[in-house]
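The same chain A turns up in both complexes below, where it pairs with chain B and then with chain C.
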Partner chain A sequence: MSVAVDKAPGGRKRRWLSPSFAIGAVLSLAVVAMALVSYLWTPHSPTQMAILKRLQGPSAANWFGTDQFGRDVFSMIMVGARNSLAVGLGAVGIGMLQGTVLGLIAAVRRDGLLDHVIMRTADFTHAFPAVLTAIMMTAIAGPGMLNAVVAIGVLNLPYFARLARGAALQVWTQDFIQAARAAGLTSRQITLHHVLPNIAGILVVQATIQFALAVLAEAGLSYLGLGTQPPNPSWGRMLNEAQTFMAAQPWLAIFPGAAIALTVLGFNLLGDGLRDAIDPRLRRSR
Partner chain B sequence: MTTRRELLAGAGLAAVATQMPAIAFAQAKDAVTIGMTLEPPTLDPTSGAAQAIREVTLQNIFEGLVRMDRTGRIQPCLAESWEIAPDNVTYRFKLRSGATFHDGTPFTSEQVKFSFERAVAPDSTNAQRQLFTPIAEISTPDPATVVIKLKQPTASFLYGLTWGDAVIVAPASAAGNKTNPVGTGPYKFARWNRGDRLELARFDGYWGPKPALARATFRFMSDPQAQVAALQAGDIDANTNLSAPEAVAQLKADPKLTVTIGRTEGETVLATNNAKPPFDNLKVRQAIAHALDRKTIALGVYGFDVQLIGSHFSPLHPAYVDLTGTYPYDPEKAKALLKEAGFPNGFTCTLKLPPPSYARRAGEIVAELLAQVGIKAAIEPLEFPQWLERVFRNKDYDLSIIAHTEPLDIDIYARDDYYFQYKNPAFKALIARISGTLDEGERNELYQQAQRMLAQDAVNGFLFILPKITVAKAGLEGMWTDWPLPVTPLAELRWR
Partner chain C sequence: MIGYALRRLVALVLTLLAAALVIFLVLEVLPGDPAAVTLGLNASPEALAALHAEMGLDKPGWLRFLTWLGGLASGDLGLSYTYRVPVAQLIAERMAVTLPLAVLAMLLAVLIGMPLGVLAASRRGRIADAGVMAFAQAGLAIPNFWFGLLLVLVFAVGLGWLPANGFPGWQAGFGTALKSLAMPALALALPQAAIIARVTRSAMLDTLQEDFVRTARAKGLSEGVTLRRHALRNALIPVVTILGLQFSVLIAGAIIIENVFALPGLGRLVFQAIAQHDLIVVKDLVMLFAGLAIIVNFAVELLYGLIDPRLRQA
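Let's look at the complex of A and B:
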C-alpha cells in the first residue's frame, strides 16, 4: 500500500480516520480476533450436545443461549467466524490471484486475441447472477466448504481481472514505463516490477469489498445447505435451523444474523475507507 | 385505471365478508376443515403411491372389503363377514347388501372381481400390485358373495385388503377416479381447488350409520408455520399430522386446542450397509447399537418423548415386543466392542442423509454419539432422487437415516438385494413361515422371533417411531391419535 499517493489533491492530509473507516476497522478486527481466539478457547465446545439443556435463552452460562441440540450458540458463532473468514479468504485468494494474473496478461496483450478471449470470458462469467452460479456449481460438485470456496472464488475472478487490466493499462501509459522499456526490460519484468506494485493498493481495496461479499455468499450457500457441513458450525446454517424456532426462540436467529450483518458491514466500511485513503479520486462526494 | 366495475366488485366482496362470520358460525357444527401438509397428486388410491391420496380418500370416498380401525385391527366393511376354508387358501366373503356407489351404481360381487383383476393386470398402475399376485382365482357365485382362491397360504392377504390400493371401484367410473372419484364411502367428492382445498360432502345413500358432519374440507398448507398460524387463528379445525414439532409446546399451551402425540408405522432406522466392511462385522454393528442413545436422539429431533424401538416393528401391531434393552446405551461397551473387532481407535465412514428434517436432525446427533466412541461419521446431505439412486438402489453408502413407513414391513429384511444387504437365510426362512401361518397367535409368535433376530444381529440402528402430531380444536372429537394406517376417517368426527 506504500505506493499510494501520500497527499490528497490540494495538499490536504489523508483521512485515515474517517468515522466509518474506524467503525469498519473495529468490526473487522473484532471478527478476526473472535475467529483467532476460537482456536485457543471457546466458552463451551461448539459441537458438544446437551439435549437436556436444549433451547435455553441467553444466560450467564450460555451467553447467547443454546440451540435445539443444547449446543452453546456463542461458541458456535465464534467457530462460525473462523469458517466464514476461511471461506472469504480462500475465495478472495483464488479470485484475486488468478484474476490479477489474467488481467495483467490482458493488459500486456491489449487489443490482441488473448486480451479479447480473457476479457470476453470474464464478461461472460460476470453476466451470470453470482450466487445462482455458486448454487449450481455446488449442486454439481456436491455440498461442502471446499467446493463453496472454489465456487465463490471463481465468481470473484472477473472482478479482479477487469480491475487489474484497467488499472494496469493506465500504468502502461506512464513515462517511467517508457524508460524501463528503453532500458531493455521485457514485458514480464515491467509487469512484475513496475505495474503490479502500482496497482496493488487498488486490488487490496477491491479484495476487502469482495471479502465481505464472499462472507455473505458463504452464508447464503450454507443457509441452503450447500456450504459448510455439520457438525462444523456455520452462520448461514444456524440461520436456516433457527427459522423453525423463530416464534419461541428468537435468539437462535438474531445472533447469527447479527454476526453476518456486522461482519459484512465491517469489511465493507473498511474497504470504503481504504479506497478513500488510497485513491482520493474515487472518493465519493460527501 | 380503476374502473367503476372493480370498485363495485370490491364493495360486493366487503358485503359478503361482513356476512361471513355469521354463516361460518351457523354451519360450524356440521362441517370440519382439516389441514394437511402435502396435497395428493390425484384422488385415486389404486394408481399412485402417495400417502396423501390415502389420507383423504380411504374410508371417506373409497372403501375396501375390510377396513382397519384406529387400534390397528381388521374390521368388516364392504364385506359383512368372511370365512377361510380349512385349506387356508379359499376366502369366502359375504358382501354388504344395500351399498351403492355415489353415482347410484349398486355394489355387487362383480365390482370386487373387476377391482382386483384390474389391480393385478399386466398394465396395472397399482402401487402395491404384490398384494394381489397371490390370487389364483376369483369367482362370484351370486351378487352378494365373492370367493377368492389363493395360490398358497398368505397370512398378510387380509391385512393388505385394508390398504387404499385394495378399494373397490366400479367399471364405469374407475377411469375417472383420479379427478372425479366415485366410491361407496360415507363421503362423496364435491370440489377440488388444486393447490388449496378439497371438499367432500356426506353421501346420503351410505349403507352404514349416518356420519355426524355434513361437509368436510381438506386444506393443503405446505408451510408448517402457516399450519400453526391457521390452527391458532381457528381457520382450520384440526390437522392430520403437524410437520413442525417445534411448535408443539406453543400449541399445547393454547386452551382452545388439544394436542396429541401418537404413533405411526414409521420405523426410523440408522440404515447400515451390512455387506460393506467394517459393517459386515457383528461386533461393529453391536458397538454402534450401544453408542446410540435413543432417548437423546428422539428428544433432540422432536423436543418431546416419542416411541423408541429396538427392532423393526411398530408397537401398533399386537405382535410388538419391546427390544430397546437388547443393546442399551453404553459408550464404554461400544468402545470395548470396537477394540475386539480390531478398531481400537475407531474408524471413519459416511452418513448419507435424505432431506426430511427428522433425518437431518437425527443425523447430527447420531454423528456426535458415534464420535464419542471413536467412529467419525462424515455427514453428506442428499436430495431425495440422489438418495434413492445412490443409497437405495446402488447401495453406495455406509450409514443413512430414514423412516420406513409401510405398515408391517419387517419382510423387507428378507428381500434379496435390499439396501441393508442383510443376507440371512434363517431370517428368510422365518418370514416364509410367517407368510404361510394363518393362525394369528402362532403368527405373532413368529413375528416376535423375527423382531428378536433383527435386534440381536443389530442389522440397523433402531431408533424411534415417527410420531403423528394431531392438533384439533377442543370441541372436535374422533380424530385418530395413532396411525396404524395413514387415514383420516371423517365419519368418526363430531363436535361436542
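Let's look at the complex of A and C:
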C-alpha cells in the first residue's frame, strides 16, 4: 500500500521536485530574502535623492540605474518587495482566515438558510474586482496601502469560503466522521479536529496562488496610485513614474515590471508544485 | 427551462439590488456628508448648502436610495458635479471607447488562446505543449499594464508603428482609431489568452478521452476533423464559462489599461472622478461596472442551463 502511495497513477515515481516547482521555490524564496535583507542592507538609500545622478543607466555603482530623482532603482526594488509581500500577506491572511471560518460553517449547515446566505454573498463579491473596491474606498477616504489590503482581501474571502465549503463537504461524507458522530462529538468539535486538518493542505496551496494574484493586484493598484503612497517605494508606482521617462530610459520601466512578473511567476509555480505534491489527482498535466 | 430562467432572473434582480445597496452605503452613507467630500475642506457654507440641495441630501437616506434606483432604471443618473453634464451622457461618450476595447481584447484573447490550447492538447507532453504552458505561466504572471508599457517601448518608441497613447476618436477614421486601440487591446488580452489556453487545453484533454472521440477516429476521420468537430465543440462549454467569469477581471483590467494609454474611456472617467471627488459619477460608474459583471454572469449561467439540463434542477 505504501508503495502505491509513493507512485503516480502512471506508475512513475512521484516527482516532488519537478523543475517548475524548484523554479517557483527559488524565485519565491529570493523575493522573501530580498525583502528581509532590505531591512538590514540596501546598496544605497531607497529614498535619498541625488539630482546630479538622475536618470543614469545601469552601472557598477547603481546596478539597475537611477530614477528621475537620482534614487537607486535596485534599492527601491528591494524595499518595494516588502510592500508587495506585506499587502499580499495581509489580503490573503484576512481572506483565508475569515473565508475558511465561513466555509466551514456553511458546510455544517449545508443547504440551510445560513449556508445559502453565506454562499450567495460569496458569489456576489465576484462583481467587485479589487480595483472597484479600491476605487470606492479611495473616493471616500483617500488613497492608502490599507485600501489595497482590504480591496484584495474582500476578493479572497469568498474564494476561500467556497473552497473550504466544498472540501469540507467531501470530508463530512467520510466514515470517520460517522465514527466521530457516534462517539458523541459536536459539529464544532468534528469541524475543528477532523474536517479542518483534512482540508488545511488544499487551503495552503490555494493561499500560495491567491498570494501571487494579490501581488499582481497590488501592483495594479499602486500603479494607479490607489495603493501604497510615497515615499514608500512600490513596484507599481515605480512603473507609473517610469512612464514619463520611458522613451529615453527604458530600464526604468523594465526592472520593476520584471520584479513583479518574477514574483508572481514564482508563487504561481510554487502553488502548482505544492498542489501536485499534495494531491496527484489534481495534476494539471492530466 | 422557463422555471429555471425565472428563478435565475429573480436572483439577478436581487443581486443587482444588493450591489446597488452596498455601493450606496459605501459612497453615500459611510462618508457622512458626501457633499463635503465632493467640495473638499475649503468649501463655503453656501456652496455646501447648494450641493446638499442638488444631491438631495436633505431627504432621508432610504428615499435617496429609491430615487437613485429609479434613476438607474430610467437612465437618469443625475448631473456630474465637475462636468456639469448628465452622467448618462458622459457614460455614453466614454462607452464608445471602452466597449470596442473590451470586445477587441476578448476577441484577441480567444483567437490567441484557443488555438494554443488545442495545439497543446493535441501535442500533449511534447515541445509545443511545454511551450504553450510556459506562455500561459508568463501570461498570468506579467502585469497587463507592464506588458502595455513594453508594447509601447517596442511598437511606439522603437519602431514608431503605433501611437504611444491617446485616442483620436472614431470620427478620425476607423483604421486610425483602431490603431490606437491595438496595443491596449493586446495588453488587456494577454492574461485572458493565457487562461483560455489553459482551460481549452485541459477541456480538450478531457474530451479527447471520451468514447465518441475514439469512435470518430475509428471511423477514419482525419485528426483535424476529429479535433475540430468532435473534441473542440465539447470543450467549448468550460471555455465559455471562463469567459463569463473573467468578465469582471476584464473590466478591472480595462480601468488600468485605459490609464496606461490615456484612452478617454469609462476607466479613465472613473479615475478622474475620484481625483475630483465627484462621488455622483463614481457611484454611477461603479454600479455600471458591477452591474455588467453580474449580468454577464447571469447570461453565462443561463447559457449553461440551456446546454446542460441537469443544472436547471439546482
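In the analysis below, the second predicted complex is superposed on the first by the 256 of 286 C-alpha atoms of A that agree within 3 Å, B and C clash if a C-alpha of one lies under 4 Å from a C-alpha of the other, contacts with A are read in each partner's own complex, and residues count from 1 in each chain.
Here, a residue touches a chain if its C-beta (ideal position, glycine included) is under 8 Å from a C-beta of that chain, and two chains touch if they have at least 3 such contacts.
All of these numbers come straight from a predicted model, not from anything done at the bench.
Residue contacts after overlaying the shared chain place A:A247 against chain B and chain C alike. With both structures placed on the common chain, the touch criterion links A:L55 to chain B but leaves chain C unconnected.
Look at A:S45: by the touch rule set out above, it reaches neither chain B nor chain C. In the superposition on chain A, contact of A:F69 is made with chain B only, not with chain C. In the superposed model, A:N268 makes contact with chain C only, not with chain B. When the shared chain is aligned, no partner comes close enough to touch A:Q170: not chain B, not chain C.
Of the two partners chain B and chain C, it is C that touches the larger number of chain A residues. In the superposition on chain A, the residues of chain A touched by chain B in one structure and by chain C in the other are 247.
Of all residues in chain B, those touching chain A in their complex are 224-225, 228, 244, 246-247, 249-250, 296, 299-300, 303, 357, 361, 363-365, 367-368, 378-381.
Taken together, the chain A residues at the contact with chain B in this complex read 47-49, 51-52, 54-55, 68-70, 142-143, 225, 229-231, 244-245, 247-248. Chain C makes touch with chain A in their complex at residues 15, 18-19, 22-23, 26-27, 30-31, 37, 125, 137-138, 140-143, 145-146, 149-150, 152-153, 157, 164, 202, 205, 245, 248-249, 251-252, 255-256, 259-260, 270-271, 273-274, 277, 279, 282, 286, 289-291, 293-294, 297.
Here chain A touches chain C in the complex through residues 20, 120, 123-124, 126-132, 135-141, 212, 216, 219-220, 223-224, 236, 239, 242-243, 246-247, 250, 253-254, 257, 260-262, 264-265, 268-269, 284-286, going by the rule given at the top.
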